[in-house]
Each structure stands twice: as structure tokens, then as C-alpha cells.
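Across the two complexes that follow, chain A remains constant while its partner is chain B and subsequently chain C.
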Partner chain A sequence: MNQTTILPGKKMTELIPDLFSGRKLKDKLFLIGIVIFSLLTISMVVLIIGSMILKGYHQINWAFFTQSPPDTFQAMMAKMSGKTIPGGIINGITGSLYLVGIASLIAIPFGVLIGIYLYENSKKRYAGFIRDITDVLQGVPSIVIGLIVYLWVVVEITHGYSVLAGSVALAIMMLPLIIRSTEESLKMIPDTLKEAAIALGTPYYKVVMRVLIPSSFSGLMTGILLAISRILGETAPLMLTTLGNPAINWNIAKPVSAVPLLIWQFYNDPNMVDLIWSSSLFLMGFVLLLNILSKWIAARQKK
Partner chain B sequence: MNDINTQPSILTIENLSIAYDNDKLAVKNVSATIKKNAITAIMGPSGCGKTTLLRAMNRMHELYPNITTTGKIKLYDENIYDMSTIKLRRKIGMVFQRPNPFPTLSIYDNVIAGYKLNGIKLKRTERDEIVETSLKNVTLWDEVKNSLHKKGNFLSGGQQQRLCIARALAFKPDVILLDEPTSALDPIATAKIEDLLIDLKENYSIVLVTHNMSQAARISDNAMYMYMGELIEYDETTKIFTNPKETSTQNYITGRFG
Partner chain C sequence: MNSDKILKYILFTASLLILLISGGMVFSLVRGAMPSFHEFGWKFIISSEWDPTQGREQYGALLFIVGTLLTSVLALFIAVPLAFSTSLFVAEYFKNTRIASVVSTMVDLLAGIPSIIFGLWGFYILRPFIVSIGLSDQGYGIFTSGLILAFMIIPYATSLSNTSISMVSNELKEAAYSLGATRLEVIWNVILPNARSGITASYILAFGRALGETLAVTMLIGNSNRMPTGLFSTGNTMSSVIANQFGEASGLQLSSLIEIGLLLFVMTTIINAVGKFIIKKLNR
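Now for the complex of A and B:
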């Protein structure tokens, strides 16, 4: 309570009681609103993760990570005798890692270099143009990117569905994210640090390579990991570019499977529906892990 | 002005003008000679162009395309605008207003950062020696000798600033430019840096920008007074403070101004 007195014998609160209580009421109402809406958001996440775990955990075993999916007959037999479905999604796991790996190899050098260019020339008209194009690219529906890569790579280069085509599609989706996060994390570095290096007679490219990049390393890594976790779940462009493969494949010119592709295939096979949940659980867990890792890297750098 | 002219000089500034965005003149037609093995203070109110003038001496302005410079600055007899910036900045080191050690490097690596960043290979013994003498020069050696390979972020502001001076000294430059090096520091750290600068002038020529008049009076040999981009007066510090020729200088040092 405010004890300040303005008029002798009267407290401040007595002088303006209406205004005072009205503010408190509004404050309370606003707080309640915030709590309700944030609980709604949290419960959404909890419900999604909870149902994944409840429906998927009993399928997760050693075979799940080491074997390819069963055929529909094996799955049907297992289901009828009440056993868990045999086999796993190893072809999808290796395929996803392969695709993401190649996509990163393509997208990271391009994205980081373009990000550096935008940071260095932020006021030039050409840089503004690139920035706008990047925003447009981010808005292109993933299925459209899949179609274009089908025309460019599947038809023209590998003459069939392939790892390369899938990786190119995913790399195009990663690019805008990496470009913008590189630019943003470079902007966070104080100019004084750049000047310190310049004043030591360091050529400009070495300032970029040895001061700017290491200083913004955590920002760069965070951007890259977030881009990866974003494309891990992409399904539509992969359907048009790499199709799927019932076995593990390391040939870059041949089709490969991926976890989201497997989920789609399991969905279309009534005998294998159970595998949807465990695959989704795996995919979500993996993405979550990458998110936590990127947060950890960002936090570690701040120390 | 006779006395100051007889001292040997190291930097000669001739008709230097610096403009921002082509029309705003920050430094107007300044000519002066910076003396060897002396501390030259540049004083003046905020926005008078003192930092701009200092940063012209190692061509830091070239980072920013909207700044144009005309005129000459000579290091001994060589026009610095004809030298490569890389060579120039090794001869004319700089210390900034806020301590800015490289956060990703250890204390040891910070001192030899100039060599490291430029990819100059040194033998281990040479490296150790440069680090030790540079840190001893700035009286930081005893404080950090047991944590040389840790990152410098646990150092105080004053220690960080001395580390930055050590980093500038490691290249054994001819001139050290300091841009208000103590404005972010407390009085004790300031006193240490001031003592250090007086020691350093035996081997180096020092140019110091300061808006702290008493600091200029305490440690500088010669002083410039700038106002609105013009060099109003340049003389020995004692003359500037006891018997200034210009009324504008007099007003500034007596505090009737600004």
C-alpha cells in the first residue's frame, strides 16, 4: 500500500480510489488471459507428444533401429497374432541422414557466403534485391520446389528418382533460413571487434574468416541446426524427387527412403498403421534433440 | 611555437579535410606535426572532429564508404595514403574507447592476435617472448601469468584495456593511437593506464584523444585544441594550459564553454 500523503490525514489511495482499483482489476484480468492462452499452447504440445508416446512406444525396440520395414503380409500376420510388427525403419533413418547430409553440404557454403555478402553490403541495392528474393524463396510451397527439382535433376541429370534430386530440393529449402540466420548473427557482433582486427593490419578476408565467423559461430550453428530440423520433416518434395526405397541405399543416383516418406507409406497400408506412431515419435524426438542442441550451443557461447 | 617546432617529428599532417556523406565536414584543413617519443593530446568538445582526425592516421575511415578524405599524412617521409593499409596499420597501432579483446581467443592469443590473424608464423620461443614483454610493458604480466591460456573475459575493464594496449604493442609499432582509452574505466584503472602511457613514450610516439582536460594536462607533452573541425591551437601542453593564444582555447580550458 502506498503510504505517501498528499493532503494531511489522507492517503494517496483514498484520493484516487476508483482509478487505483480499476487498474488492479485490469492487471488481474490481463494476467489471467495470458495464463489461459499460454496453457492452451503448452497443452497442445503436451497432447501431441503424449499421444505419440502412448501409441508408438511399444513398437520401439532394437529391430526398429536396425531393420527395414516388413512387407504387408508379415505385418498382417503379426497383427493377427497380437504381436508387435517386426522390422524397423533403418532404410528411412539412413536415407534421411544421407539426404540431409548432402543437402547441408550444398546449402551451408552457399548460404553462409551469401549471408556474409548481405552483411557486408547491407545498404547496396543488389543486396536488398537478394534479400527480397530470399524471402520469396522461403515462401515457395515445398511441393513446387519438388516439381522444379523433378524437372531439373530427376529428368535431366540422374534420369530417375535419386538422392541427389532429393538433396537439391532440401538444400533449396534450407538456403533462405541459413542466409538470414548468418546475416543476423553477424549483425550481432559489435563493430568494435571488427575494427580491432582491422587496426592490427589484418586483410579483410582474414577478418571475416578468423574473427567474424568464429565470433558468430554459435549463431551460425543454431541457424544451420534449425534449418536441418525444419527440412527433416519435409515429405512433399521428397515424393517427387527421391520416391522411396525398401532397402538401404548409398548410391547418390538411386532412390532412397526417408522417415517422413515411410510414414506416408505406412499410412497407406492398413496392416502397418501402427508403425506410423513409432516413426513419428522417432522423427519428433530427433527434431527435438536438434532444437535442444542448438539452444545449448547458443547458451554456451554466451558464457 | 618555437619549442615545439624543434622537436623531431614522426607524423606530418598536411591540409587534411574529412567529410561525411560528401558535405558534412568533420575535419577542416588541418595541418600539424606529431612529435616523436611524445604524448600528443587532442582535446575539444564532443563532435569537434578529434576522433575523426585520429582515425585518419591509420586510415580506419576506409571501412566506411561514405567518408572522403583529402590532404596528406606522412609517416616520416612516406605518404600513408600510398602505403598498403596492412603495412601502415602494423606501424601505427590503435587502442579503442571500449576495451575490445577478441572473445574467442585466450589472453596469450589476444596479445599475438596481430600475428595470428595475419597468419605470420612465429617460433614458440619468439611467441612466448613477445607475449611476455608486451604484457610486462603494460604491467599486466604479474596479474595474468598463471592464466595466459584462459579466455580474457574474467579480466576487469582496466585489465582488458591494458591487454588491448599490449596487443597493439606486440607489433612494435612506431605510433600508438588511443581513442579516449580511459573513458570507460574507473579512476584507479585510469591512473594505471596514464602511468603506463608515460612509460611507453620512451619507445613509442603516442597520440591520445581525450575529452578529459585534466588527463591531457597530466600526461601529454603537446596538446591540440579542436573546435568544429578546425585545429584552433597546437602547442606544448604547459603553454596551452597556462597561456593559450586563442580566446576559444582559453574558454574551453577554463570551463566557460561547452
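Now for the complex of A and C:
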């Protein structure tokens, strides 16, 4: 701030102290505080990602992506002889992909349909009610969703921990995210586009399939990718629904492992500590990749 | 029946799924919690005894409710100054600059880090640090979990407050500047009163997030079933007792865990409803 105004009857020198006292000083101190606190906030990201890379990178090799985890004894022997732990997390990788795949098959079609419904009926009371309930659903803690799906699927349908149960839990978590992002990206489409199609006598389902979905496609994709990246690291609901499995499994009614579940398992076994960091690094890298991809799609759309 | 009508019915039917899920959720939780409710009644909420020994089973959730509230309130206390500063940094001081977009991307990354990784980091790096500076013997407890929780909820606390702060109209700010106000005075007397409800709502929603967080807290709170006596004492939370004991639970214990789940569901839903209500009033 340049202090060019000179008050009548005052000399320049009398005004100078004002720069360093009272209000001005407080203003400066406040800005310094803001910068320090902001740096503190983002330093956490750097610390977490940094320590993961430092502790995890040397364990990442070909076997890490192609083999199942070692048992405790193997890990202990490797640790004692100072070698890297043999084996990898292939059962977790396939399990995670399987779970997320089935969850997406359930959540994406329903999410998009409900999103379109909310967009088309945005003024109706019932739609407003559905929107509120969707918000409530989004706020439900993941462990409670795990509990519910345990009661619904594990107890009633598959009579044991299963892929299906885990996928349903993840799908319930994805659903609200996809519904809201679908509705938001449909709202961005100019009305004229839709009206033009309707004026040509296009049947409504064709308007949806040929106009609404294609022109909001990148918005939909962004929402879907973000939803997937959100559920990829979920652990608590999977502990109550799919439990884990030391081997690769493709049977939908049987338990399966997942990368976050493996991390939890390694955490509970002192011999496996080294694998924790490499698995976390892998999980984090995957989640970040999806985040960046969705940002890139969103940015490309804006051009 | 023409195709338009069919599509309308399909869309409507899909929307019923949301009602089905949420209705079913409440129904199953209440039904699952019934045996425990019949056995203990309202005492469940005020009793702090949790004893799964066969024959003299006794379940009360007070310990866990206190643990959840303590960690979440502490997390909010730590998160608010950090989130508020970050919001002002991104949406006011350095608005639309490159550095602001770097900072807000970093905060987004914070939201992308899975809960279990926060837990691991807290366990292997923060906990030894807390021990080494002599704050507590083991490093577990309310403070450690609250601190990690705070960083987990910062992204939720900033997202909406950023928007509310950047939406305050320039005319109002310029009017204040032209009267000779400093930036701090503008923030305090113009921006805050105008963005107040948006900021409050986002902090309330962040608090709701903190209530339900499971794994990071489970790994750091110490999981001891005794009443916390101070910031550095260990404890247990509603979500971590579910995560820890669900595997072996059956009968009355399972029902009690479900009742804890129901309580957690009710608490987060109320907090979220309050937050959304404020946002709705704001948008009108």
C-alpha cells in the first residue's frame, strides 16, 4: 500500500509510524499466519507421499505385481537375511479390480439413470426428496455401509464373505457420487441443444442417448473416475464383507482380497512391514492416476 | 405405450432404488439392534460397561460415544484454523494465481489419500514422533487420532468455504478498501459476515465426516475400553469398536455392535442434515 495521501495539517513524518503500528502491523501478521498455516496444511500431503515413496520403492519389482504374498515365515526369513521380502500382491490387485468392476457395473447404470431423472424432474417435490436422501446416503459412514451389506448379502444371499457383498458395499458408496455428478454435468448442457432435438420430433429416449449423454460425456467420465478413486482405498466396509483371501479368486460367492485389505493384513503382521509401504505406494499411485485423469478430462472439456 | 413413457417409467423406477437402499438401511439397523435394545434399553447409551464374557455379557456404548465425540471435536478444533487459512489463501489472498491452484490441487490430493494410509503414516511416523518429544508413552490416544483426523477432514472443510469466500462480491470489498480498510479488516468485516453460513456449513459437514472415520482412528486410538481421562489417554470410538470386534461377534454382542452402527448413522445423518439445511437456506 503506498501512502500518498497527506492529511491537511500533518507533516509527512507524523504519518510514517502508521506503517508499522496497529492496524497495518496486524494486517501483515495475519497474512504471515495465513501463509504459515496453509503451508502446514499442504506439508502433510508432501510428508505422506514422500515417506511412502522413500520406504516403499525398493520393494516394487516384477514379483510384486505377479505373485501372491509370502507367508509369515518366508517374510521373516527374508527379513533376517536382509533381503527384500519375496512375493507380491497379485491377489489384492486382481481382487480390487474385480470388486471395483462389479461395483461399477451396478452403480454406474443406476447412478446415471437416477441422475437423468433428477435433472428432468428437478422442480418436482419427489425429486427434491430423492436428492436429499442421496445426500444422506453420501454422508453415511463407510463402516455402517459395511455393516448393512453384511446383514443383507453376507447373511442372506451368499451365506459367507463374498465378492458380491464387497461389490454391493462399494456400489452403495459410489451411487450418490455418480448421481450428483451426472445431474451437475447435465445441468451444464445448454437448453437450446435439447430443444433443437425435441423440435425435430426426436423421441425422448433418443434425445437422452444421442444428445444428453454424448454432450455431457466428459462430465460423466470425470464423476465416474472420481467415484472409483474414492472407493479404491476403502478398507473398513471390505473388512465386514469380503474379508480377504490368500489366493486369486474369481468366484463371486467366495471371499476375495483387495489391496487395502492386504495393507491391513500386513499391518497386523510385524514381519510384513516392508510390504506395507510398497502396497500403499501402489494404491496411492493408482488413486492419484485416476484423479489426474479425471482432472485432465475435465480440463480438456473446458477448451 | 410409446417409448417416451417407457423411458420415463425406467427413470422413475431407478429412483426408487435410492428409497429402497435408505429405507432398507434404517429397517435392517433397527431390526438388528432390537435384541440389544430389548436387553439394555436406554441404559445402552449411558452405560460404559462393555464385557463380552459369556454368561455375564454387559454392553453399553457410552465409552465409544465419548471417544468418537472427543476425537471429532478435537479434529475440528485443529482443522478449522488450518482450513480457514487455506481457504483465505486460495480464495482471497492469492485468488486465481498459479500458487493458489497448486495449493488447492494439494488439498484435493489430501482428499484422495485413503484412510488406511493416513493410519499407517500416523502409526509409523507420527506416533514415534509423539513418543520422542515426550507427549505420551505409547503415542496412541485421543490426540494422535484427532490430529490425523483433522488433516483428513480439511478437504471437506475447505471445498465449500472456498466457494463462499470467493463469491463475496467485489463491490462490497472495494467499498471497504476505499474507506481505508486494511485487508484484514475487509476479511473480518466484509468477507466473513457474507460467507459466514457457507463456511459454517462446510465445517459442520467436515465434522460429520470425522464422526464416521474408521481405520485411521482404529490404528491410532489405542482401542482400550476405558473412559479417556485426558488428551493423551487412549480410548475407543464407535467405528473402531465395530471394526475390531465385528469378526468374532455373534448374538447379543453382534446386536450391540449393530446398535452402535445405528447410533452412528443417526448422529452423522443429523449433522449432515443441519449442514445441508444451512446450504439450502444459503442458495435461496
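Here, the second predicted complex is superposed on the first by the 263 of 303 C-alpha atoms of A that agree within 3 Å, B and C clash if a C-alpha of one lies under 4 Å from a C-alpha of the other, contacts with A are read in each partner's own complex, and residues count from 1 in each chain.
In the analysis below, a contact is a pair of C-beta atoms (placed from the backbone, for glycine too) under 8 Å apart; a residue touches a chain by one contact, two chains touch by 3 or more.
What you are looking at is a predicted structure, and each value in this text was computed from that prediction instead of being measured.
A.B. asks: For A:P190, decide between first (touching chain B), second (touching chain C), both and neither.
C.D. replies: The answer is first: A:P190 touches chain B but not chain C.
A.B. asks: Given the touch rule stated above, what does A:W152 touch, chain B (first), chain C (second), both, or neither?
C.D. replies: Touch partner of A:W152: chain C, not chain B.
A.B. asks: Would you check which partner chain A:A63 touches, where first means chain B only, second means chain C only, and both and neither mean what they say?
C.D. replies: Touch status of A:A63: no partner.
A.B. asks: Mind working out whether A:A298 is in touch with chain B, chain C, both or neither, as first, second, both or neither?
C.D. replies: In the superposition, A:A298 contacts neither chain B nor chain C.
A.B. asks: Mind working out whether A:I198 is in touch with chain B, chain C, both or neither, as first, second, both or neither?
C.D. replies: Only chain B; A:I198 stays clear of chain C.
A.B. asks: Looking at chain A, which partner touches more of its residues: chain C or chain B?
C.D. replies: The partner with more contacted residues on chain A is C.
A.B. asks: Which holds for A:P214: it touches chain B only (first), chain C only (second), both, or neither?
C.D. replies: Only chain B is touched by A:P214; chain C is not.
A.B. asks: By the touch definition at the top of the document, which applies to A:M77: first (chain B), second (chain C), both, or neither?
C.D. replies: Neither chain B nor chain C is touched by A:M77.
A.B. asks: Take the contacts of chain A with chain B and those with chain C, and give the residues found in both.
C.D. replies: 203
A.B. asks: Using the touch rule from the top, collect the residues of chain C that touch chain A in their complex.
C.D. replies: Per the stated touch rule, the residues are 2-4, 6-8, 10-12, 14-15, 17-19, 21-22, 24-25, 28-29, 32, 81-86, 88-90, 93, 103, 106-110, 112-121, 123, 125, 151, 154, 182-185, 187, 205, 208-209, 211-215, 219, 239, 242-243, 246-247, 257-258, 261, 264-265, 268-269, 271-273, 276.
A.B. asks: Going by the contact rule at the top, pick out the chain A residues touching chain C in the complex.
C.D. replies: 1, 23-24, 26-27, 30-31, 33-38, 40-42, 44-49, 51-52, 110, 113-114, 116-118, 120, 126-127, 130, 132-137, 139-144, 147-148, 150-152, 172, 175, 179, 203-205, 208, 229, 232-236, 239-240, 260, 263-264, 267, 276-277, 280, 283-284, 287-288, 291
A.B. asks: Taking the complex as given, what residues does chain B use to touch chain A?
C.D. replies: Listed in rising order, the residues of chain B that touch chain A are 58, 60, 63, 85-90, 93-94, 96, 98, 100-104, 113-114, 116-119, 164, 167-168, 171.
A.B. asks: Which of the residues in chain A come into contact with chain B in the complex?
C.D. replies: By the definition above, chain A touches chain B via 190, 192-203, 206-207, 210-211, 214-215, 217.
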